[in-house]
Amino acid sequence: MTSPREAILARVRASLADTPSAVAVSRTYRLRGERDRAGVIELFVERVRAYEATVVVADDPGAAVASALEAAGARRVGIAPDLDRRLRPPGVELIEDQGLDSRDLDGLDGAVTTCASACAETGTIAIDGGPGQGRRALSLVPDLHVCVVRAEAIVETVPELIAALEPSAREGRPIVLVSGPSATSDIELTRVEGVHGPRRLVVIVAT
Amino acid sequence: MTHSSLDPAAARDARPESFPHAATGALANHQVRANIRHATTSIRRKRAGVVAEVPDWELLRAAGAAIKDETLASLDAVLIELEASIQAAGGTVHWARDAAEANEIVVGLVRAEGAEEVVKVKSLATDEIRLNEALEGAGIRPIETDLAELIVQLAGERPSHLLVPAIHKNRVEIRDLFRERLGRPDLSDDPTELAEAARLHLREAFLRARVAISGANFAAADTGTICVVESEGNGRMCTTLPDVLITVMGIEKAIPRFRDLEVFLQLLPRSSTGERMNPYTSLWTGVCEGDGPHAFHLVLLDAGRTRVLADPAGRPALRCIRCSACINVCPVYRQTGGHAYHSPYAGPIGAILAPQLLGEEGAVASLPFASSLCGACYDVCPVLIDIPSILVHERGKAVARERSGIEGRSLKVLGKAFATRAGYERAQRLGRKLQRPLARDGWIAHFPPGPLGAWGRSRDLPALPAQTFREWWESRDEPA
Amino acid sequence: MIDRVALFVTCLADTLFPNAGKATVTVLERLGIEVVFPPDQTCCGQMHGNSGYPAEATALARRFVDVFGGFDAIVTPSGSCAAQVREHFGDLLGGNDRGVPGRTWELSQFLTGVLGLEDVGSTFEGTVAYHPTCHSLRLLRVGDAPLRLLRAVPGVDLRELPDAEECCGFGGTFAVKNADVSTAMLDEKIAAITASGAENVCACDSSCLMHIGGGLRRRGVPVRPIHLAEILAS
């Protein structure tokens, strides 16, 4: 008996029997942006803010993290074990995620992470499990996500972002793209910020 | 939470109706029509705004179409590469020829895990194969976690829109549903409060879930990476927290390269929700030690897709990335909503995809005629599917299959008559003669049954004038 | 400079709306163009093509090319018939179209695009709402050509038609096969026309005007459907 796999592949081949296989993809669209560094940062800030997220540009990201947590009233905060010391504010109970279970994460007031890269045009931050980012659940389950973005990690366009992330995909690392706080438009297509993911997103651009 | 026994949609499906028939019923529901008009008007405006700001939009559309065509033209190789990449990354790949096979695989995997419930991310593929019914039949409780899918599931209905399955319900109706089904008599109709109620209701389900089921927006063959785009975070919850993740995906969702996401992640969010980027995009590659599920299963679903592939004229329908832009601009959908289409795929894309997937049989056979061919769908399609042309192609298939009624016979007779000048002019004279009992004061306002009667239910018709243009032209040529 | 055109009047205008054809002749002749009417013409086959009868549509397309193949310019007062010739003949005839599609023009496209004119010497008194028909808009891409012509007519008081680009619900056999949906779309179009406050609703297609006009009359709405050519011929 033919396996489903072989049957499907045979159907595909039969369907394509008289089809030329060469289809050229022409990548004539913009592969990179044209703004200078300051312009890219400015666009990123504007676009993240458009999602109703909080954006701070800071030359002292540690202090910015501290004030973001204080402003949110977050006391017990999850971090990755390898989060940079300078991003760990004093006076807050920092809990390193050494395999916390989902309920532990749910009991936290927030999480502080870094990110891998970011895209200005779409106001997107990308998390790929690299240094300071932790596993995906850390920046998902708590209701507040404070994310520190190195200014030089911000690219202008989506093709540049995908190019920056491709090595992580090849290594099999999971990636999450975050563009603003969680939202739904399911009720009358009216956008409501905050459903299951963190309802508050604070993005700190470290210059 | 189940909807198998009292599902009005299921009862209706047992008695297949044509689109015109179902549409007539839908038109009577003024509340639903008002809800849909309101929602589609707002999404159209948003989409137009964020598309206009992309200077290379047309180039992206062309590239999106080309990548999809490239995939389809070598789909066997792409699927084999995808399978190998996922296996290399610790995932398992299953193949399902049809809905029954896919459901059997999924039920088997859930049972092997000993789970009695699963959390689900909104997935058209699983709607299409009616996975929830199969799970319920096996004693497994599916929990829809997308807000709109939850609304539809709680109401015991079927989705009416690809992207916003509860588009037919307004906030007051949702409030009433949540008051009753979530035991929250305190709720107001504020969307923020309703979303909060869903959050509380589902959080516990996410935390205890052992198995999750998702669909896929894209699957990159070279890296084996699956991509799910979403807004609420329920997708992230489902693909991150449970022990086992099962993804059911139509075979046409594969793309050759991870890099191709640079095109689709621009086209999709702007076309679908009218955002520059959707809030969350999850990309995972097999399993990752210490982060997320420890087992990942991909179910590759045919269920008619190879049938679509076999017809070169209908094949571009498989480019579809399920953005729903065509639905939101469709003047027919705007009047009827999605239920009249008898398929999870409603609107213009549904009208070309559903009949092809199902072999042009049953309730969906009339869908290719459910269009005025206005072309608004083609204008907005991010992967340049010429939907009007495929509708016409599908009409031809329907006409060739079913021997004609009065309309078909009339068109055949006219076709023959118009083949010669004499026949054409004879038809003109005959028309003038036949209309005599009907025409009054230059108009026909009362009609015999049949196509003319259908016209006459809401419109008068000018009577044929005493002189055709060509008769006037000839009289003009005569010397005065 | 084109000084001679063949008129493709369309089967619908020939039989049911001869005034649209006569008006087209008037406008073209006023501009000093010789109009030829090849009497062997019948129908472009659009209705057959769009309804799923490609064999009949192909036969009519072949006939069209035979009748009009010898002319440098073919002008028609119909956006959708021009679209059938320009956009679909190539596929139907497998390329054996003798270049006819590229030489076939909807009236407003011919006047503005080929002749480069906007003012064609008309005068008209009245308020007008312009409805861009779907095939003129999205297949032919006539853009604002009809509006530019209308704006150049002294006495035309153009009124804004809300949601102008929405389909009126005609769609050929759609109007009878899905009569109720077609009617619902028509109701919205008529509401928009009423809201515009215009006394005339103008379009480049007699077919859509037949649908809109029939609906206006049935509902007792005192708005007159009028073909663009009829305004330009005034």
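The chains carry the letters A, B and C, assigned in the order they are written, with residues numbered from 1 in each.
Following the convention adopted for this analysis, a contact is a pair of C-beta atoms (placed from the backbone, for glycine too) under 8 Å apart; a residue touches a chain by one contact, two chains touch by 3 or more.
Not measured: the values here are computed from a predicted model.
*Asks:* Hey, which chain is the most central one here, using CA centres?
*Replies:* B
*Asks:* More C-beta pairs touching across which pair, A-B or B-C?
*Replies:* Comparing A-B with B-C, the pair joined by more C-beta contacts is A-B.
*Asks:* Between subunit A and subunit C, what's the gap in Å when you average each chain's C-alpha atoms?
*Replies:* Centres of subunit A and subunit C (C-alpha means) sit 52 Å apart.
*Asks:* Let me have the rounded angstrom distance from the C-alpha centre of subunit A over to the C-alpha centre of subunit B, please.
*Replies:* Averaging C-alpha atoms per chain gives centres 29 Å apart.
*Asks:* What whole-number Å value describes the gap between the mean CA coordinates of subunit B and subunit C?
*Replies:* 32
*Asks:* Within their complex, state which residues of subunit B touch subunit A.
*Replies:* Residue list for subunit B touching subunit A: 35, 38-40, 42-43, 55-56, 59-60, 62-63, 66-67, 69-70, 72-76, 79-80, 89-90, 94-97, 101, 145-148, 151, 164-167, 170-171, 174, 191-192, 194-196, 198-199, 202-203, 206-207, 220, 223, 225, 231-234, 236-237, 240-241, 251, 258-259, 261-263, 265-266, 269, 273, 275-286, 288, 290-292, 300, 302, 306-307, 309-310, 312.
*Asks:* In the complex, go through subunit B and note every residue touching subunit C.
*Replies:* Within the complex, subunit B touches subunit C at residues 19-20, 23-24, 27, 331-332, 335-336, 368-376, 378-379, 392, 394-400, 407-408, 411-412, 414-415, 418-421, 424, 428, 431, 443, 445, 451-452, 454-455, 457-462, 464-465, 467-470, 472-474.
*Asks:* Show me the residue ranges of subunit C that touch subunit B in the complex, using the header's touch definition.
*Replies:* 9, 11, 13-18, 21-22, 37, 39-40, 42-43, 45, 47-54, 56, 59-60, 63, 134-135, 137-139, 165-167, 169-186, 210-211, 213-215, 217-218
*Asks:* Show which residues of subunit A lie in contact with subunit B when the two form their complex.
*Replies:* Within the complex, subunit A touches subunit B at residues 3-5, 7-9, 11-16, 19-30, 47, 50-51, 99, 102-103, 106, 119, 121-124, 129, 135-137, 140-141, 158-159, 161-163, 165-166, 169-170, 172-190, 192-198.
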